[in-house]
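Two complexes are shown next, each including chain A; its partner changes from chain B in the first to chain C in the second.
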Partner chain A sequence: MPHPGVPHSWFRNKDGLGLWEGRGKVVATGVGTSPTARRWDEKPETSMGALTIIAIRKAIADAGISPDEIDGLVLTPESTTGVSNDPKTPPPPGWEKHFKMASFPQAGITRGDIDWLLLNTPELKNVKFMMNGAMCMSVSFVAAAEAVARGLTQTCLVVRGWHNLAGRYYVGVGASALNTASGPFKYSSIWGLPACGTTAMVFEEYCRKYGKSHDQMANFVVTQRRNGLMNPDGFYSQHRPEMITVEDYLTARWIAKPANIYDNDLPIMAALAVVFTTPERAKNHKQKPVYILSHGQTRPEMMGVTPTLEKWEQATDRMGRILYEGSGVGPDDLSFENMYDGFTLFHQFHLEGLRYAARGEKRGYALDLYETDISIEGPNPVSPSGGNNGNGRTRWWNHRDTILQLQGRSPSQIRKKAEIGVSGAPMPDICDALIWSATPPV
Partner chain B sequence: MPKQSPIPDELDKPFYDACNEERLVIQYCTSCRRYQFPPRPGCTRCGNNASVQWRQLSGRGRIVSRVVVHDTPTSSLIPEQPFNVAAIALDEEPDIIMLSHLPGTPVDQVPIGAAVEVIFETTPATGQKVPEWRVAG
Partner chain C sequence: MIYLLSFDIDGTMEFGDPAGGVTVEMVRRAKELGFIVGSCSDRFPSWQKKAWDSYGVAVDFWVPKHMLLDVKTRFQADRYVHIGDRDIDRQLAEKVGFHFWWDHEAVAEPWLAWLTDQR
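Moving on, here comes the complex of A and B:
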């Protein structure tokens, strides 16, 4: 059964909308994270779907509520940014012994599916509100926030799983392996740019404009790994618990210079579920409520094959304005920022658009900030979650950690008081972001 | 460079036919007075498709940025690594970026800001020509 996407009118994507109507009416409480793996080993019990069910059950237990209370489910169905099976590919042998089958054969394997989740999580008996937040879990968080604020669901799960199949992610497979190019590949793969290529190109333009260098990224990338290794749920802490050094970063192999291997995030298997509810109902939840103050969205108006520095700066400036207008807070109110990092070389666009830790600067200051104390112990924590870069590719570690920070229970808890935080993903010009608060708005 | 051969479709056939005649044409919306590339079914700003026409460009641009690719996903280009990919801003509309391997320019020696002019390169699989760019003068 097809489920609706998010109504366009729910997104805050322009200036002048004023304070968000839902401000203070929605909170996050329980958080559930599955184990991680580098790739799927084709066993049903380690599939993306199985991980998603684990995450859902953990989130409900974490909130300390009965599954009966869940009456909403918002899911991001896409579960990779890379290689997937053909949608009609049948599941591997034995799959039907583990799971009830939905009409879509790849459900739970290479695509999330609300019907499949409800069939295979039978304790979720009362889900009446169902919606797909396309592309990024950021969209699902916004959808769930609006749905709760509008009274369409009282207690709503927000869910996304990720799969990663065997084999290299893009290299020499599918469209890349052909000697001809069709569809959108005519304007991309014929030039041979890896996924980080566009970001590297705009980063190069940024460095040239502001007189910065790639070496200035080192402390940011090392700090990301350090923050990620504090997270027992992260991929690196579970499977590759080795710290990296500034030297490692400065001597790493190039992918598309100026992007090296550490500027790219690692595709993994993982799932996250979060419980959203009303402040009233949250009084009966085990975890401290984290209030959503507002949200914002940017989408590009495409003119060329790649974005320009100017477009990314305009888009992230707009995001900053929309978020602050809707939430009633400003850059100085942020205790930390957890914007997306999955490529490291665009994190600074998000950060500067928000004017995070600016001292009067508007643009071109982030790489200098990275060379100061940006650790969780310092005055300006940058990406305390460790992000994709420190935990593996999910596009949601940053959101998860923002909730945990404001509840005071992040594994990489900032030392100063965590009062207001921001998280958003993915790209500088294709982004959904939220402002969160430990206390209700005044 | 052994590029993949683009297979034109109904939408972008005018662009690729012009390439084979060594002319650079892209879409222009006469209502918005605005170019767009790659080709799309209608104007990405006003949504109108009747107002979108093909216009020939001067074939001049400027290098705004570059990367050096060491790990390409595209099989046919793997033997060519490392290679340049430059972002070319068109003189007529600098917000429109085309990509280029900058034939003749060694890696790590890309003159950012330099003027470039279009040339047309034949792709091996089908003989379809595609726009390329070289440093002018």
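Moving on, here comes the complex of A and C:
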């Protein structure tokens, strides 16, 4: 059964909307994270769907509530940015012994599916509100926030799983495997531009404009890995507890110069579920409520087939304005920022759009900031989650950690008091972000 | 004759991710027989060294995948070989004049035949 997407009118995507009507009416409480793996081993019990069910059950347990109380489910169905099976591919042998089958044969394997999830989590018997937040879990967080604020659901799960099949992730698959290219790809993809290529070009433009260099990224990348290795749920802490050095980073192989291999994030298997509810109901939840103050959205205004520095700066500036206008807070109120980092070379666009730790500057300061103390112990924690770069590709470590930071229980807890944080993903010009607070707005 | 063997890790070595068919014992044997051995991988070089140390193999080099030319400059040898599991391994090896073996070819330790040929 098809489920609705998020109504366009729910997104805050322009200036002048004022304070968000739902400000302080929605909170996050329980968080559930599945185990991680590098690739799927084709066993039903380690599938993306299985991981999603694990995450859901952990989130409900973490919130300390009964599954009966869940009356909403918002899911991001896309579970990769890389390769998927043909949608008609039947499940592997033995699948039906583990899971009830939905009409879509790849449900739980290479695509999230609300019907499949509900069939296989029979304890969720009171779910009435269902919605798909397309593309990124950021969209699902916004959808769930609006749904709770509008009274469409009282206690809502926000869910996303990621799959990673054996073999190559991008190279030689999907459109790249075809003999012809069509649509915008006939201009942008036929020369084999790797995924980070666009980001690399805009980063190069950034460095030229502001007189910066790729070497200035080193401390950020090292700090990302350090933060990620503190997270027991992250891929690297679970499977590759290896710390990167500045020298490792500076000598790394170029993928699309000036993006090197460690500027790219590693595809993994993982799932996250978070419980959203009203402040009133959260009084009965085990975890401290984290208030959503507002949200914002940007979408690209392309002038060609690739973005430009100007467009990314305009988009992230607009995101900053929308978030601060809706939430009633400003850059100086942020205790930390947890914007997206997969690829590392665009994180500074998000950061500068928010004017995070700007000290009066507007643009071109972030790489200098990276060379200061941006650790969780320092005055300006940058991406304390460790992000995709420090934990593996999910696009949600940043959101998850923002909630945990404001609850005071992050494994990479910042040393100063965590009062207000921001998280958003993915790209500088295709982004949904939220401002969160440890306390209700005054 | 001096021979140099460079090993990729992921998909090639038994301790890679994914695991490959080349064992630590094969590398250790090559080292003991006088080959210059090391790794050339996309894993952090600092970690490569720690990994070899943990297996008790005193490798001669541990470098990023694109630095085979640097290895060639540092070590004089009569034959240079890189062993890997991806097209990028082959591409980078052949670009700097290394012979290339796929991981599945290397599990037979074909380099040992060179010692026989030498006699």
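The rule is short, and it goes like this: the second predicted complex is superposed on the first by the 432 of 442 C-alpha atoms of A that agree within 3 Å, B and C clash if a C-alpha of one lies under 4 Å from a C-alpha of the other, contacts with A are read in each partner's own complex, and residues count from 1 in each chain.
Criterion: a contact is a pair of C-beta atoms (placed from the backbone, for glycine too) under 8 Å apart; a residue touches a chain by one contact, two chains touch by 3 or more.
Predicted model, so just to flag it, every value in this text is computed and none were measured.
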item	value
Chain A as common anchor, with chain B and chain C clashing or fitting	fit
First (chain B), second (chain C), both or neither touched by A:Thr308	first
Contacts of A:Arg38 with chain B and chain C, given as first, second, both or neither	second
Which of chain B and chain C A:Gly18 touches, first, second, both or neither	neither
Following superposition on chain A: angle at chain A, chain B versus chain C, Cα, nearest 10°	70
Chain B versus chain C as contact partner of A:Ile255, first or second or both or neither	first
Which superposed partner A:Gly211 touches (first chain B, second chain C, both, neither)	neither
A:Gly151 touches, of chain B and chain C: first, second, both or neither?	neither
Partner chain in contact with A:Ile190 - chain B first, chain C second, else both or neither	first
Residues of chain A touched, compared between chain B and chain C (which is higher)	B
First (chain B), second (chain C), both or neither touched by A:Thr245	second
Overlay on chain A, chain C to chain B nearest C-alpha distance, Å	7
Residues of chain A contacting chain B in one complex and chain C in the other	253-254
Sites on chain C touched by chain A in the complex	17-18, 42-47, 50, 64-67
Partner chain B, residues of chain A touching it in the complex	170-173, 176-187, 189-195, 197, 200-202, 204-205, 208, 253-259, 301-311
Residue numbers on chain A that touch chain C, as the complex places them	38-39, 166, 239-240, 242-245, 247-248, 251-254, 261-262
Residue ranges of chain B touching chain A (in the complex, touch as defined)	3-7, 9, 12, 34-38, 44-45, 64-78, 80, 82-83, 85, 87, 89, 93-101, 108, 112, 123-126, 130
